[in-house]
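Below you'll find a set of structures to go through.
Here come two complexes built around subunit A, the first alongside subunit B, the second alongside subunit C.
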Partner chain A sequence: MKKEKSIMEKIAEANKTVTKGVDEKEVKHWVTIYIMGKPCRVPAALTIMQAMEYAGYKFIRSCGCRAGFCGACSTVYREKGEYKLQTAMACQTRVEDGMYLVQIPFAPAEKAIYDINEEEYDISVFFKYYPEVARCVSCNTCTKSCPQDLEVMDYVQAAIKGDFAQVAEGSFECIQCGLCAMRCPADIVQYHLAQLARRMYGRYGSLEEKNVKKRVEEIKKGKYDKEFDRVMSLGGTEFKNLYTEQQRTREVY
Partner chain B sequence: MKISYFPGCTLKTMAKDFEDSALASASCLGIELVELPRWNCCGTVYSLTSDDLIHQVAPIRNLIRVKEQEDNRVVTLCSMCYHTLKRANKLVREDREKLDKLNNLMYREDVKYDGEIEVLHLLEILKNEVSFNQIAKKVKIPLKELKVAPYYGCLLLRPPEIGLDDAENPTILKDFLESIGAEVIDYPYQTECCASYHTVVNVDLVVERAHDILSSAINQGAEAIVLSCPLCGFNLDNRQKEIKEKFSDFKGIPVFYFTQLLALSLGLDEKVCGFELNFVDPRHLLKSKHLTGRV
Partner chain C sequence: MAELKFIGGYPEYMRESIKLVERTRPERIGKLPPQMTPEEREEILNRYHPDYVPGGKRCIKIGPNRGDIAPNEVVDLLEAYPVIDPEEIDLSEVDYEPDILIIGGGLAGTSAALLANDYGIPAEKILLTNKLRHGDANSMMAQGGTQAADRPEDSPLIHYIDGLGGGHFTNKPDVLRALVEDAPLVMQWLEKLGAIFDKDPDGNFMELTGGGTSRRRMHACRDYTGMEELRVLRDEFRNRKIPVLEFYAAVELITNSENKVAGAVLWGLETGDYKIVKAKATILATGGFGRLHIRGFPTTNHYGATCDGVVLAYHVGAKLRDADTVQYHPTGAAYPQQIIGLLLTEKLRTSGAQPVNKDGEAFVFPLEPRDVEASAFIRECYTRDKGMVTPTGMRGIWLDTPLIDIINGEGRTERSFPAMVRMFKRFGVDMIKDPVLVFPTLHYQNGGVETDPEGKTNIEGLFVAGEISGGVHGKNRLMGNSTLDCMVFGRRAGMYSAEYVKLAKSNGKLSLEHVKKYVNMVKEAGIKSERKAPILLPEYRGRAVLARKIDIFY
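So, the complex of A and B:
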């Protein structure tokens, strides 16, 4: 009987780079995509990221976890016959015939440097570091561009109202890909703003998590010292085996 | 009576005293102001450029939020929000093409706007639906001997087709203030502009104008100013610091939101009035008139 594959094996398989290893005889469906204008014939089953690798591109940027979590592989594209510019994560989006696309390796925006312990838990902190937030015209372009389907405009508006909790909760699943900021006609850098809000909310607004406090105390008292010592004393192979076993037995996703 | 309520950004921050006193007073008068879910900035300053539709998105999106609540009216407190929402509403009611364009811009909204919503100011609700006579009956602490000067500024009154009262000779604030027992001072500057957003880049201009307005009221015997706009409030209240620096003989005068005095007169807990947020502290004046510390 064929053994059922574990979820980790499935993920590993789905995400392997396909530059090599595709047997073209087995591919039934092909599409033509335009990578930065250049037509490339690629298997229809691939994601944008896999298709670009298939076409010969080697990623040194615009590529990260390959699982939709890290926000590194921002893509902008237009579908065949469609005028609207679309945004997505390259690792999460299947290629379509006639698609024009390009990777956006980075969203250029200055990230403010601050010490949350020295900032006032007040709306003024948003205007101090990201004053352009006040330029929002509620056009909702940010929301439309978000590959995480967050209500980006709503959390930007919450910032203007000084509602840290709503910004923090509304942006919790942000992967910082920067596509909102690339599309915003008011030049707001939504994801940096949201990070500031989450930090401030975590520091001043949210309730203290009792279990975390308890666990930190346990660690300080040395409850886990023995286990730490054991893991730290393992050799390379033993450590690797332990890690692999842990990944296999616990579903991290 | 339940009615959808659009607070606006400033009422959640610098003008929290305005919101708190309004919500408590409205509740005391039997009006439940139900805050709109997912409201956004009103658009702050109605755009006068005829083809600048992107700046009409914000106000119309808010009216869509009202429609989503299956309400046909929305009430505001801030004069700026009132003006921007009402004027954008008028624009799309009279220009179908612009309305269609705006709906198309907001194609992700489930509800299309069709000009159905009425934009109201709380003063209109107090006048037309509660009535000043009824308010007078509910007053527990009449503000007698308190000489107050109503200040309308621009946004409640102009242009006339948007204004909630006669643009030249408004009486709504006067009638309201009389209903809560105050002595109303007449002065010629009550509909003058406070200099608005010049406060960001041209403080001197604001100082001159605010000084003229406040001095005129003071010269007529006013002990306090009453208004309904956080921006006018900033210019007439907070800018008194700069006025005093420029005009050494200027003594200063407290500036109230009309709802602060309403809450006070209804005998509500002074905490909802938020007097500590007023730049020129009014508590000494109120105490000297025996209007505080009585509940």
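So, the complex of A and C:
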């Protein structure tokens, strides 16, 4: 009698394309991509990153979180027959037939060195550290190059007007991949400028949280010490009851 | 097989199931399945959780934890040969001599550097090294939030009780207490450094619950919480001009004649050279092990999460704790193929999204602790056969995300989950209108190198912080306690290592004797494998290429 596979074996089997790589026999659709000019036949269902690995590239640079959060895998590509250069994150973009691509492993941009405690919450901070921001010609190339689809040019313009809140809001989902800066004809370093603006806004532009301030004071005064000593000395059953009761009265949403 | 017809990112047959989800949706609002009793939880864990189902673990044969069990994939690395031959390494020429060496540049390592600096160690006497870029870490991908008990209705004690219960009462009490008591301090620290958290118009934090947490205490930055925290701390780190080495991986710790840890051997991933770092204190903040794909699960983890730090610490005799437990996050993406295993934050469920089966039935309370919730998904898919099968053969549970807008008002999903909406949109799925398919994914290393409340290990000169450490979460971590862990114990390791180095006497002679001893131990234990560790990076190259691979350059 053939032994039936265990649940864990079935799960591992179902996941194997991700953990062990694709099995060529199971691939129905193929495309050809050009990795730095070299044609490679790869399964059509893969991301650019997975496809490059399939083709034999072992990443050291240009690969980080593999989930669209870290900005390591900036990719510039051109579609077959198109003149336009496009940008993407290799881990978040599916391959297309005829894609010509190269990865940009690093952006040689300068970050300002400043002391958050000393800076004045004023428009001048932008011109002090990133004077080139004034050179923006509103060409919108940064926005077009942003793989997060942020309105980069809009927040650059907001910085020129000294609107910290709008820069913070507009740049919040920036993954600092550097593609905007690499494409900017005015050599503005949008993503570093935005980091400065967000920290200034976070520090000076919003109200200080009152609850956390109070709680820190309480903890420093030792308000909870006695209760901790009591609870930490409880026996196993007593503690479990305490936990169960606390879970029963939980705030749901 | 005929070509599949796709509608809105899903093949037609999956659409049929989505219709059932839509049909039951109105009656599911406000009506949740009951929470499980402790007995029910225990039963489901024993039968369905990958950690409890036999077959995935074995006894460690060598080292300080000999006789303990751990996942096979971890034991494979502990019972492997070192990657360097001590005879080939020249310890007499030291390349860097900081007071404090920090290995790993996520939230834990970066926090450690900042606090060491605050506590009197000059920037130039600190060195942070990272095998990828500074910031390539699981921290960067943390979505849901950071727990801190700061509301009047909450207290560090309530947080403590939640954490200990969630960890099945196995956490180290003094370490857990340090975590919850430092939590509000961390929030205040981040606020002062300019991190932007979700706040209401009055300036109060908007806080949510998580699985197994009894109060709302999750502080989020949309669904980019870890990214916001880490980019702010990294920016501050850079402002202070603390030296950093990127693409240099620690491949072995260095000890001295007094058996203290005294630095590390680094290896350049791009250049193949090694560098010797001599330090008075060494902090390991290397993160977890998701890329080992334990039990064949996909993972939410970043590319470098390969258990390196645990291996290095074990080589010098550091003790591990709770190394037998792995956290599987209930909601990893199961469809489409390109994003299998990637994280869908628990915050989706705290915001109203419900797990339902292929027939549109709710079958589990949405916010059980992660291990329980994951087990319920596995049971639904593989025993009750109520999972949705994808074109690649994955089985998954629907996470009914359209409920978020229905419950909280239109626009909420887009505002609170821009990263999730964006990810699915890139692959053709609209999670505001349609549910998304999920299945448990390997998420977190619960245990690791045993720590005390100061980040110290049993080996003098060696500190740990963050996911590499064991003790604070016991055998199961709660949502929002990981970024918190990284920052609380990163700060503590930075602070206490600064104190330690001020008192540290001469270092003695640098040595790799422990590596030679380890090699002997592996041989004497009769371990057959020629495997080497740490592995530094996972292997994903295509089979055809690997089959014909030969090494010429190295």
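Keep in mind that, in the parts below, the second predicted complex is superposed on the first by the 188 of 253 C-alpha atoms of A that agree within 3 Å, B and C clash if a C-alpha of one lies under 4 Å from a C-alpha of the other, contacts with A are read in each partner's own complex, and residues count from 1 in each chain.
The rule we apply is simple: a residue touches a chain if its C-beta (ideal position, glycine included) is under 8 Å from a C-beta of that chain, and two chains touch if they have at least 3 such contacts.
Values in this document were obtained by computation on a predicted structure and should not be read as measured data.
Student: In the three-chain superposition, say which chain, subunit B or subunit C, touches more residues of subunit A.
Tutor: Touched residues of subunit A are more numerous for C.
Student: Contacts for A:I123 in the overlay, against subunit B (first) and subunit C (second): which applies, first, second, both or neither?
Tutor: After superposition on chain A, A:I123 lies in contact with subunit B alone.
Student: Check whether A:A67 is in contact with subunit B, with subunit C, with both or with neither, and answer first, second, both or neither.
Tutor: After superposition on chain A, A:A67 lies in contact with subunit C alone.
Student: Look at A:G162 in the shared chain and tell me whether it touches subunit B only, subunit C only, both, or neither; answer first, second, both or neither.
Tutor: A:G162 contacts subunit B only, not subunit C.
Student: Tell me the contact category for A:Y57 with respect to subunit B and subunit C: first, second, both or neither.
Tutor: After superposition on chain A, A:Y57 lies in contact with subunit C alone.
Student: Per the contact definition in the header, classify A:Q86: touching subunit B only (first), subunit C only (second), both, or neither.
Tutor: A:Q86 contacts neither subunit B nor subunit C.
Student: Of the two partner chains, subunit B (first) and subunit C (second), which one does A:T143 touch, if any: first, second, both, or neither?
Tutor: first
Student: Would you mind writing out the residues of subunit A in touch with subunit B in their complex?
Tutor: Answer in residue numbers: 123, 136-140, 143-144, 151, 153-154, 157, 160-163, 185.
Student: Inside the complex, what are the residues of subunit C that reach subunit A?
Tutor: Spelled out, the residues of subunit C in touch with subunit A are 32, 35, 38, 48, 50, 53, 55-56, 132-133, 135-136, 138, 140-141, 148-153, 155-158, 160-162, 164-165, 169, 173, 177, 181, 184-185, 187-188, 191-196, 199, 202-205, 208-209, 212-216, 221-222, 224, 226-228, 231-232, 235-236, 238-239, 241, 247, 269-270, 293, 295-298, 300, 302-303, 337-343, 350-352, 367, 378, 382-383, 392-395, 407, 418-419, 422-423, 426-427, 537, 539-545.
Student: What part of subunit A is in contact with subunit C in the complex they form?
Tutor: For this pair, the touching residues of subunit A are 6-8, 10-19, 21-24, 45-47, 50, 53-61, 63-70, 72, 92-94, 111, 113-116, 148-149, 168, 172-173, 175-176, 195, 198-203, 206-216, 219, 224, 227-228, 231-232, 236, 239-240, 242-244, 246-247, 249-253.
Student: In their shared complex, at which residues does subunit B touch subunit A?
Tutor: 9, 12-13, 38-41, 43, 54-55, 57-58, 61, 105-106, 108
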